[in-house]
Amino acid sequence: MTDRRDGLAGRKPACGDHERDYTRTVSSVTKTRLEAFSDGVIAILITIMVLELRVPHETGWEALAPLLPLFLTYALSFVYLGIYWNNHHHMFHLVDGVNGAILWANLHLLFWLSLVPFVTGWMGENHFAAVPTAVYGVVMLLAAIAYYVLQTTIIRHQGAHSKLASAIGGDVKGRMSPLLYVAAIPLSFVNEWIADALYVAAALIWLVPDRRIEKAIADR
Amino acid sequence: MTDRRDGLAGRKPACGDHERDYTRTVSSVTKTRLEAFSDGVIAILITIMVLELRVPHETGWEALAPLLPLFLTYALSFVYLGIYWNNHHHMFHLVDGVNGAILWANLHLLFWLSLVPFVTGWMGENHFAAVPTAVYGVVMLLAAIAYYVLQTTIIRHQGAHSKLASAIGGDVKGRMSPLLYVAAIPLSFVNEWIADALYVAAALIWLVPDRRIEKAIADR
Amino acid sequence: MTDRRDGLAGRKPACGDHERDYTRTVSSVTKTRLEAFSDGVIAILITIMVLELRVPHETGWEALAPLLPLFLTYALSFVYLGIYWNNHHHMFHLVDGVNGAILWANLHLLFWLSLVPFVTGWMGENHFAAVPTAVYGVVMLLAAIAYYVLQTTIIRHQGAHSKLASAIGGDVKGRMSPLLYVAAIPLSFVNEWIADALYVAAALIWLVPDRRIEKAIADR
Amino acid sequence: MTDRRDGLAGRKPACGDHERDYTRTVSSVTKTRLEAFSDGVIAILITIMVLELRVPHETGWEALAPLLPLFLTYALSFVYLGIYWNNHHHMFHLVDGVNGAILWANLHLLFWLSLVPFVTGWMGENHFAAVPTAVYGVVMLLAAIAYYVLQTTIIRHQGAHSKLASAIGGDVKGRMSPLLYVAAIPLSFVNEWIADALYVAAALIWLVPDRRIEKAIADR
């Protein structure tokens, strides 16, 4: 990817005056590979989760009943990873260049996301028992924090007139979902279903893609 | 991916008058990453299915005999996922831009496809018992419906003069394969082989790539 | 990927006369996604094979001894898959466009390659017993035939002045390796080590990338 | 990927004099696919490692305690693979073309990296016992040597005025980390914690991306 871009960038714009694009293309070399790597990791995570759904040895309908909680948790985690892919994608629309700090903030996010299959399996196989339900929330909270750190790192790199900063504005959703996880963790020990309802709610508020960022892209 | 395209789009066409291409390139930013993500998920699914073929502990030919039904089911599911990749690919030829609804309709399709390794393992390991055979059909039916929903969402987004809508026309194949699954599900309880024959038939009618869409692309 | 290329192709060549490139770019849309998909599947196969190397429960050096045959088989299969990736890659250098027959010939090749982790595990875990050693050769033979079918399908599509046909010329290597597998399969029942030696030999003759094709590319 | 680049390269630079870029673009065809393949393999490795974290059957906090060493080892290996991806990425910034030797040197590196999930699981599940801790170092040492071989192969291919050679200069880090592994392997038998501390140290010195190479890129 890299070099072709360099090739394009190396050509003086044909009949043009687009010096700014020239610079942006060079600095986004790294971004392309970072996006491809992140997409790869998220695609693998969303897919290997299904390996936790072990094939039963029985052949009747009753063989599927114990798998139901695992199936529901799998569907929830699938939606969560879909949301992260979607938001990651929208966020990087507004990113021009990438530095070492952004690379590592991104790997940090991927690390916590990589634990999603584990907590999905633990919560699902134990029919939403208290501790696994709480641990699911802990991993989700850490992933949300990692996403926030990544966003902040990008904004700091972009400087005073950060396109991302102006696009996300008040960031209501970004602040609400961690609060839901913080509430769900202790509530898992009161009643697992309350925690589960909060996890579903946290997914639902993100299902709509971020119109603020979409708007900022359209405005460019 | 994103930014490079922006970079290309940002350059006024060198000596040209291709304003329309300019717009199309910008809106297809998201499409590129959606295609890459879908390809990644389907590539992983088609590959991890083989993990269900567990290595036997014995070393004689007879160790392979119980694996035969699983092998045949694996081959069938491999063809199905190949068909989905192929059709997905052809469909997105005629897509210019992607919105939030299309993103989620696509993830919805990937969700049902992600259950293919599970039902493949269950049907294959149980030598085509009735319930697993029926459940295989249910997942195939839900994937076919998800594909139809995705197609409809794209056509709605493209509006009145949808290139995709005019390309698919009467869509005989798209309507036949769900009917075959609907027939196969209850017939699994009469005789599994009838259901299996219908699954093979549903794969065979799709093996030929969609000439209508290929034609529409060639006509552009 | 698709659309961007269309976008590039849609621009009349800036100050140029490269009509031929225009056409070639349009028809290679599908090729790009086919290459990416094949790379994805081969990357996954080469990586999940290592899951057959199960972590031992003991902690001494002696825990590694029974893993040695599996490790050696893994290394052999890693080299084989690396060769297929390499040759696939070189072959598609000389491919301009892709039709439905090529798509399915390619999936057919990927199908047999997807069985490599299974036969690697079976041969490796059973310390090169006769039947697993023979079955390893059968899968390798079928993959080699599938590669030959793919090559032939591309040449037929390219027509009389096929660049690929003139590049591969006599194709000594392509004819030698299937012969080695054909010899190894029955010899597995005489002495497994003869078969293993033939598999290693078949890998070694391919280790050098295909200079004929490299030359043809350089000559273009 | 290939052909599009050819398409771009085939166009005479619009109003330009960038013959050198023309050549570089053609020769970097192979590089693009090599980078994508390497990214794919590393993304899969970094993700399937988490499959070693098996879901416990118990539901209490105590079920997580035995997983702690595995979790810590997983985090360490995640950082290592992230470092390799990062460094691989920076190194290939300074690579224009790829030959057969570079392709195989790269596959050789990926081979040793593919053993990281195995040694991670063995060291983690056995709470840092002596032999698994030493074997972890052996695999890390072999991967470091493979990286060095790859670097040397690229420099030899680039010839006298190698951009990579001048960028890496004295290469202090590249020489320090193998020394740390060489020290850690025997020290595993004295006290595992010393070896573990050395592994963590070897990761920490690499965490900062290679500013020499970053500088060389900026200087171009």
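In order of appearance the chains are A, B, C and D, and numbering begins at 1 in each one.
By definition in this document, a residue touches a chain if its C-beta (ideal position, glycine included) is under 8 Å from a C-beta of that chain, and two chains touch if they have at least 3 such contacts.
None of these values were measured; they are calculated from a predicted model.
To test your reading of the model: what rotation angle superimposes subunit A on subunit D by C-alpha positions, in degrees to the nearest 5?
In degrees, rounded to 5: 90.
Same or different: at the subunit A/subunit B interface, is the fraction of residue numbers used by both copies above or below half?
different
How big is the gap, in whole Å, between where the Cα atoms of subunit C centre and where those of subunit D centre?
Between these chains, centre-to-centre, one finds 24 Å.
Mind checking the centre-to-centre distance between subunit A and subunit C? Centres are C-alpha means, answer in whole Å.
Chain centres of subunit A and subunit C, defined by C-alpha means, are spaced 34 Å apart.
What are the residue numbers in subunit A that touch two or more other chains?
In subunit A, the residues touching two or more other chains are 8, 14-15, 36, 40, 44, 48, 51.
Please output the residues of subunit A touching subunit B within their complex, sorted ascending.
Per the touch definition, subunit A meets subunit B at residues 5, 8-9, 13-16, 18, 21, 24-25, 28, 31-32, 35-36, 39-40, 42-44, 46-48, 50-51, 53, 55-57, 59-61, 63-64, 75, 78-79, 82, 85-86, 89, 92-93, 95-96, 207-209, 214.
Within their complex, state which residues of subunit B touch subunit A.
1-4, 6-8, 10-12, 14-15, 29-30, 33, 36-37, 40-41, 44-45, 48, 51-52, 100, 103-104, 107, 110-111, 114-115, 117-118, 121-122, 125-126, 129-132, 135
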